[in-house]
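As written, the chain order gives the labels A, B and C, with residue 1 at the start of each chain.
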Amino acid sequence: MKPLLEVRHATRRFAGLVALKDVSFTLAPGEILGLIGPNGAGKTTLVNLVSGTLSPSAGDILFRNETINRLPAFRRARLGIGRTFQIMQPFPGLPVLDNVAVGAMFGRDGGHSNLVAAREYARECLEFVGLNNVIDKRADELSGPGRKRLELAKALAMQPQLLLCDEVMAGLNHVEIEEVIDLIRKVRERGISILVIEHVIKAIRSLSDRLLVLHHGEKIAEGEPDAVLENPIVIEAYLGKKRS
Amino acid sequence: MKARNMGLILAALVLLAGLPWYGSDLLVQFGINALLLAVLAQGWNIIGGYTGYASFGNSVFYGLGSYGVAIAMVQWHLPFGVGMLFGVVLAVAFAVLLGVPVLRLRGHYFAIATLALAAVMTAIVSNLSLAGQNIGLVLPPLNNDKLFYELSLGLLTITTLTIWGLTRSRFGFGLIAIRENEEGAAVMGVNTTLYKVTAFTLSGIFSALAGGIHAYWITFLDPESAFDLTLNVKMIIMAVFGGPGTVFGPIVGAFSLSAISEFLSSEVTSIAGLFFGVVIVAAVVFMPRGLADMLRRGRDMGWGYFAENIRRHRL
Amino acid sequence: MDLLAQIVVNGILQGGLYAVMALGMALVWGVLNIVNLAHGAFIMLGGYLSWCLFTYLNIDPFLGLPLTFIFMFVLGYAVQRGLLNLVIRASMFNTLLITFGLQVVLTYLAQLVFSADFRTINPSYAGDSVAAGPVVLPEARLAVFCVAIVLTVGMWQFLLHTRLGRAIRATAQNLTAARLYGVEPRHLYAMTYGLGIALAGAAGTLYGIVSQIHPYIGASLTAKSFAISIIGGLDNPLGVLVGGLFLGIVEALTTVYIGQTYADVASFGILVLVLIVRPRGLLGRAK
């Protein structure tokens, strides 16, 4: 099967600092790929390169076999790439419903052009993530876990083919994490491929089909979750981090 | 919109449209000024209130509209309508050419860049012989306040209808998303650059038309008055006082502040200015979301509304 | 050649004054994130204060400077503590508007108290000058320049080496950092604003020695202070000094070689270019 997303030798430099160095991988349709690595490994930079918030300094990013390196973020969104942010980015003054309606109205292929239809679809997405009882609240009045769910609903409303989840479980308790894992599985059942960044190793092991490990901006391992997590290089990257 | 509100608005419009037939000449003149200021406040509302970009360059659009009419009528002997069109063309050119680089700036930086552009435009026009340099131009007089009044009212109606349409459209929704979180809007598929420049241009067209009407009415303009920066501050105050990002707020703000300052300036002028300043300061402290919000939420909360505002925004 | 040297020297002398004018604005903007549209009006007020001290009490403006500085500091502290702190977390329009309102209030108060007449602080040595080779240096302007440099460098050292200065710089990064210095944020904000206004007052004194004061100078001085803050960046008083000198020289050159009416085009044109090319100022660091 042709990959949905292909990253070839992607490198990103910031004023002399190399945040990401020669990273290549592919993501198949319907796959959940877990992206892990210690803090500062370049995980968010990689997501930014795919979503279009940043452009690669070198290398290529292909979505459905087309190079999208130079496309601005909004074009990639319309191609079908949705994302959530590690530091949540709601539209703070808008009601929860309209936050999601923005995704429904723009999103893939331009989304719904009509506000009523967009809100209708937004309502479905909010129900899907379990926020249907707070749709009239302002986004900045939501609790932390609520905001995480809102991020997911916003991205889902775009009807993406590829969803980039940047630490949607950080700061949640065990029960909430289990709920989010279920939610992400349900998203995949809708035929959406997912790239998940996560710190909670237990969660990502059970969720991912494959794992990709970054360390100091380089790919150090890739493959089956169990095999990768027992890989001595990976263990050293994590333990080395702990020791220092 | 509810039928009752619709009826109220239509009644107000009829009442306003009939003013030249039952009001005094002075009232009609005050009306023209207030209506044109309301158009400017509404124009600013599009880029400032809905898109969240605090433009200090809208007085440039007003100036270009004024000079468009003046140059066309005085230098080229063309009719007023052509002059209005010329002014609009100038404003659109300015909005597109300078909007693209300047709208990349955020927050205060955008505000200041537009402020600086306004200063540059004043100086450039003062040196153009086509625009009468710093002496200015005198237009052929037309003593028909009734016509100017109805023109201004028509323009305000069109501007307000446009904004009302915005609030129900995909485009307007995208602008609000940009105001609330530009980066978030971009990754959700909003073409932020296109939307911002379009909003800036729309805002410019209405301001230019207001400038054109004002120039023909007042029959004289020079760079200082056409590109007057305090005019720009006035439109912001009126929009923010009334309620930025609402359909009718800026109109309410423009009418009420015009009335207050008209009333005061007929008393003692320097006290009037002082009072104007105090009103602005007090308004920001007690009703930072504008009159519209105060009327909406203040009714239920009573005096607690003001305390709540301070609690929310103080350090 | 002599003419060019004279123009550049005039520009440099003027630029020192510009730097002090902008110093307080850059401080308040950088640390409190308030673009203080009343800044120019406070400069005007400082000018009138020194003018009063000189005219009614016969205090030389350079000796009166510390008095003006202290008075303006107290005024600024009170304005921030009693008023601006109440709205500091509201939207950006609101802080712009409230400072504009303050500007209006100060302008009309000045007009009521001092009338619209032009005033100059005119000590006996105002007309004297010294020659340095082919270049003439008016003594008053030279003294103003020296005081300006002392204030700028003093400010820089204060921010670098005192506890309060370090707390202020930390606040520019984020508010919680300030708490680590054990300073109460409301007090710290008021201190910062007070310092900014005190510098504005000092600039007003110096301005009154070399130029004329009237109630309406505020707006254009605010605009100029803006321009310099942007060109120099908000991080560092020395950047503001360079920005001030740069603007002074450019204005002097434009006035002589292109024409008085283009002086503003030059300064604001440069401002727009700088903003577009380097939004954090020519000397500002990228965040």
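Definition applied: contacts are C-beta pairs under 8 Å (C-beta built on N, C-alpha and C of every residue); 3 or more make two chains touch, one makes a residue touch a chain.
The structure displayed is predicted, hence computed values, not measured ones.
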Category of the chain touch graph - line, ring, star, complete, other: line
Selected pair, greater C-beta contact count between A-B and B-C: B-C
Of all other chains, the one whose Cα centre sits farthest from subunit B: A
Computed distance of Cα centres, subunit C from subunit A, in Å: 48
Between subunit C and subunit B, distance of the C-alpha-averaged centres to the nearest whole Å: 31
Computed distance of Cα centres, subunit B from subunit A, in Å: 42
Overlap residues in subunit C, where contacts from two or more other chains coincide: none
Complex contact set, residues of subunit B against subunit C: 48, 54, 101-102, 104-105, 107-109, 111-113, 115-117, 119-120, 122-124, 126-127, 134, 229-230, 233, 236-237, 240, 244, 270-271, 273-274, 276-281, 283-285, 288, 310, 312-315
Contact footprint of subunit B on subunit C as seen in their complex: 29, 33, 35, 83, 85-94, 96-98, 100-109, 111-112, 185-186, 189, 219, 223, 226-227, 230, 259, 261-262, 264-265, 268-269, 271-272, 275-276, 279
Subunit A-facing residues of subunit B, complex: 168-170, 173-174, 176-177, 180-181, 183-192
Subunit A to subunit B touching residues, read off their complex: 51-53, 72-74, 76-78, 82-83, 85, 89-94, 98, 101-103, 105-108, 110-111, 113-115, 118, 154, 158
